[in-house]
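Presented below are the structures under discussion, each in the form of structure tokens.
Presented sequentially are two complexes of chain A, the first with chain B as partner and the second with chain C.
This part shows the complex of A and B:
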């Protein structure tokens, strides 16, 4: 018996409460309460950290809210920041529905960036719409192919996808850094970065004089696409079946190896698309050390959003607001920017704790029901 | 000369990988993957630096690193073992958190220094007699104290795991927790204590990067080395000797990259050399066919619910 397969089996056959929670979405209205409570506790704990530097957390948060919603530019920026986060969140969340761990969204994102910037730089003079469509497709395809290599390794060699996707990020980073230092380097050849891409390849803005661009709409469509695939198609049924119980899926005639490749292809495509959004929508160039945490934040967002596409959209907007407010507070006070990471980390940890508490509550409820039934039986 | 330098560097670079992967072997033998290893390495590096800088004593720095590592492992252990939450998800959360908190507390303690703060890293201790052996003497026996500790830990780890009652308990907990339970032992306690010990070792391994040879702390000081230690545990087939060999191979890859970089050899791009350990991990993970995975790895132990 091959051991890795064994590990996979135990990983999702047994009673892992978080996964069960994440997969059971039998629409209880107050399900939204738990994420909100977790967010509140996460921000509260981060506030305690601010006290260490002698800042009053109430003032800081008040400033943050004021900054984030001060004017239309900042409000639009929340959604601009949320755009790539929705996509990296989907990159993790989509694979998670199949109990696959795509930790490599960061690398797939880099691949998408490289593809987008390469196409944009080499398609000068073509009509804007064509350039944009080519850049978008190229980033999705390259990100997807890079991701599907992980799925392929899993399908063909039964390799641990968690490790491989993790490692593939570092390889992608090396490839991007090499390209930026060599073939893609700016004309001046001074810094490891590309030239600014021609204006025809910029994603048009959605609101004039803000950074919000049409990419946000595309990201929403991508979330809807993920939802549609997962819950409205046979493929999605297979993907979720493989996620629930690989053995049962096999007896139902589903080839889970094919599913592995497809899931990683789609997941990688989402992350690659995030690269297109950041390059063509915001930065208009590619520099070294670009958005180094976007993949990890996607994981946090997917967990907060219950690995559901619509939950991911909402949590990405929340993280976007934290970023916009956080960045402005950081710029205008002496609070270091790492506070944003702390807020995100605390929120994640409290979300996980809330899964535990929810589980306890449901266990004790079913116990009570059982007792009530027994008493009823005795009468 | 080059060979001596290469071997010395290889052994040096493999030191934290040895300690980290040995810790991972022990934890995974009880059924718990320490996914938070990257974060523990990072905060261990932080703890080592802070302890050494504030006390002016490298030994206290190492102790503090172990303490920090244990604390982080305690959070991870309680959440995954006691509260039975998913190991990969919890570990990822802690890894993100570690990046933020390390930088933040550095700032809390030291403000914004104009130049990066430094301490004198651990000095190499040439062992008497042995260090005079030509070529390998200078390579293997002129290392810092952590390397010697790591080299001692490997056989000790092997002995504990396969020759003692404790090792038997540890291995059984990962293979058949029900049996351990019915023998009157507390499965969760065994796991938690092992994870705490592994956390201390991971903290020590992390401290190697900050005070073992660089003498400073930056936020990207680990750069995925924790993941490599994690991978080595897999590739070494959950066996301390396998982990030892794996760590040596990766140390050699790391050292080769550094030696080629500094020699000004331009034919191979730098980035490729940096990527070698990661590519090696992927190849090794793919080509390894027969694994001896602990049966309940990654699964919380749930007694029958009453």
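This part shows the complex of A and C:
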């Protein structure tokens, strides 16, 4: 009898605390609310900067929105700009799901560029579809292999992947620069850049007379692929387990070292694919010092998107819009072009701050619960 | 107030997410004495001392140093109050030399300079005074661990510490180095200074302490003078939670041999041998209990069996098949379930859902997946079945495990491991931190598996738990099984003494 009473009491206690937990649990709504709040605060703070620069932020933002959505060309350009950003965002976000820091998306992107341009230049005369498939695969493979070197260093020597991936970008840059001055240099041999790749290797346009190409669809598929791997396969299950508790994963018989290599392979593949998009989709050639911030922007986008593939797509589009609108505002007014960077920077800053605040909230909530529980226990 | 009290802690409480690390703990250190802070791993000793040293802020409670109420916001504040701490993991910079490490972060005192030569002189003097000689210009990375500890101590002394906190200082030392350290501690306190000595080793307490404060599960259990203490009493204070003894007659089920551990030796995380030539046997339908104070090699034994730790010598056989030094995945496939000591760190992925945690060890097995694609419908069904049969209280099967109470989290681990462990279950402290209801449930589950003919290796520091459940009981001390008792012949007092390493022929180490 006594024992039964005790059981009932504990059950009851547990139920009430669970109800409380249900109420203020991190629901799906919060996941979207925090980034939105951060974006708002980021734009608000940038507005303050504009005030200091002597511009009316309301006008500037109004112009930006107007410019960005003025015509179909600009709207399409938002998505064209978002395409590689989705992929470098995925490069960081996918690894981040395993609590690995892939800071080297820039380098993996360059390797993808090199692979794509090399294949495009050397496959003259073949049918367009074949050339495109080869370029795409080559960029993914080379980017992936380049990334997997980082994973291998981590697995084999317990190297710090943050540092190694960052440094690997400089190596990739040096390799690309060498190729652009040597084997891949244009026929004229004047500038460190390649010839324009044959038109058969251009990614077909999605909307005529805009820069939006089919690569955007491929980027969306890549995001879906990332989602599918992470949440629908045993590999993704293991990747996430390693990411959230490496120790428990070890106890569960998961070999983290294998996961490191695989994650960086896939991650690098995404960044390499971004190279294909930029070379075959937009630039149609490879130029030295090309798109030097795409990797760093991917990090911010992944963080803003909560490292979730679909969140990354949305935040890449937001960044695309900021770029398109921002560029046009800068061109048509006296506002300095660095304002775009300031906006991006403030948004990221507030996103990161929001993670800190969310963390504090959950810690203090947990403390409150313990206190309440303890008081209940002392009664 | 009483100037004689070097340190007085009153009602210190510290919450960490999910646990209470310190629950209204009082502690008092008199000048010129050594206080041993005794307790098992995870009892909250280090947290309490980090609060005193300013590394954590207490959520409640008051700190008095030499009679004055103080607020210690950082180690810097602590040093100003003449409190020094020797951490378990040293905080020295390996590529710098001794002097550089000692002056790091120090401000010159009035009338003194921080010139390297002067400091080196001072260090030499200090070293000679306390028998802690060390070359001031040696690089830290070239010094052996024992010497590095000296540097840590010298750093605290150079900062004019009068109250020295030492967090398990002997864990890294050889017996000779330990002797020397104890010599220093005696010398240091003879000048009216105080030492707080964190440890879980009873023999050290008996040798060095003047008084003893015992902690368990974040709570203060008691403070006594060493003169009133015996090893047996301290051991009981440290581990003994009173449990309802749900014993009663039961038929002997134990059958043929299942697990045979044949004189294995295993190294610990620090590279020293923590298991020495240990042998034991678990039969089918038997619970073999291992009693002992934690840190005597129990976890390493479990890890060796589960393929998580390399076996240097000896063999482990499961039904006569050698399973020595295979990886943990093949041990899972062999049907060995493992309920680890720390469910948050080792047993669960707290940010994953209940259903995901329930397949953590076998996501690739049918029916949970085929050809690498997860079948969420089956995973959810499995989860719902287990939630029902183990009465896990959770809002839903997709709730994150971290939102569950400790007891229900443990039920998730137990449910999974019972499914995995078709032949053998290894359980360490399976009811740690659980309320009575949940603890009882887990115990009943283990007994049921015994009835089914599985072998169970139960490792616990709670003597009553081992005594209640086990068919046979081995007492572990310093990497060895000192004695194995049959259930009927087990005797709490004798086991308690064995847990303290007292084997009958008392040797004279305890003065």
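We adopt the following convention: the second predicted complex is superposed on the first by the 330 of 379 C-alpha atoms of A that agree within 3 Å, B and C clash if a C-alpha of one lies under 4 Å from a C-alpha of the other, contacts with A are read in each partner's own complex, and residues count from 1 in each chain.
In this text, a residue touches a chain if its C-beta (ideal position, glycine included) is under 8 Å from a C-beta of that chain, and two chains touch if they have at least 3 such contacts.
Just so it is clear, the model here is predicted, and its values are computed rather than measured.
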item: Contacts of A:167 with chain B and chain C, given as first, second, both or neither; value: first
item: Chain B versus chain C as contact partner of A:363, first or second or both or neither; value: both
item: First, second, both or neither for A:245, with chain B first and chain C second; value: second
item: Touching partner for A:200 - first (chain B), second (chain C), both, neither; value: neither
item: Which superposed partner A:300 touches (first chain B, second chain C, both, neither); value: first
item: Which superposed partner A:237 touches (first chain B, second chain C, both, neither); value: second
item: Residues of chain A contacting chain B in one complex and chain C in the other; value: 3, 6-7, 10-11, 14-15, 17-18, 363
item: Residue ranges of chain A in contact with chain B within the complex; value: 2-4, 6-7, 10-11, 14-19, 49, 52-53, 101, 103, 153, 157, 159-160, 162-164, 166-168, 170-171, 174-175, 177-178, 181-182, 293, 296-297, 299-300, 303, 336, 338-346, 348-349, 352-353, 355-356, 363
item: Chain C partner contacts - residues on chain A that touch it in the complex; value: 3, 6-7, 10-11, 14-15, 17-18, 21-22, 25, 231-235, 237-238, 240-241, 244-245, 247-255, 362-363, 366-367, 370-371, 374
item: Residues of chain C touching chain A in the complex; value: 15, 17-20, 23, 59, 244, 306-308, 327-332, 338, 340, 345-352, 356, 359-361, 363-364, 368-369, 372-374, 376, 393-395, 403, 405, 407-408, 435-438, 440
item: Residues of chain B that touch chain A when the two form their complex; value: 79, 83-86, 88-90, 92-101, 103-105, 107-108, 224, 227, 230-231, 234, 269-272, 274-275, 278-279, 281-282, 285-287, 289-293, 295-300, 302, 305
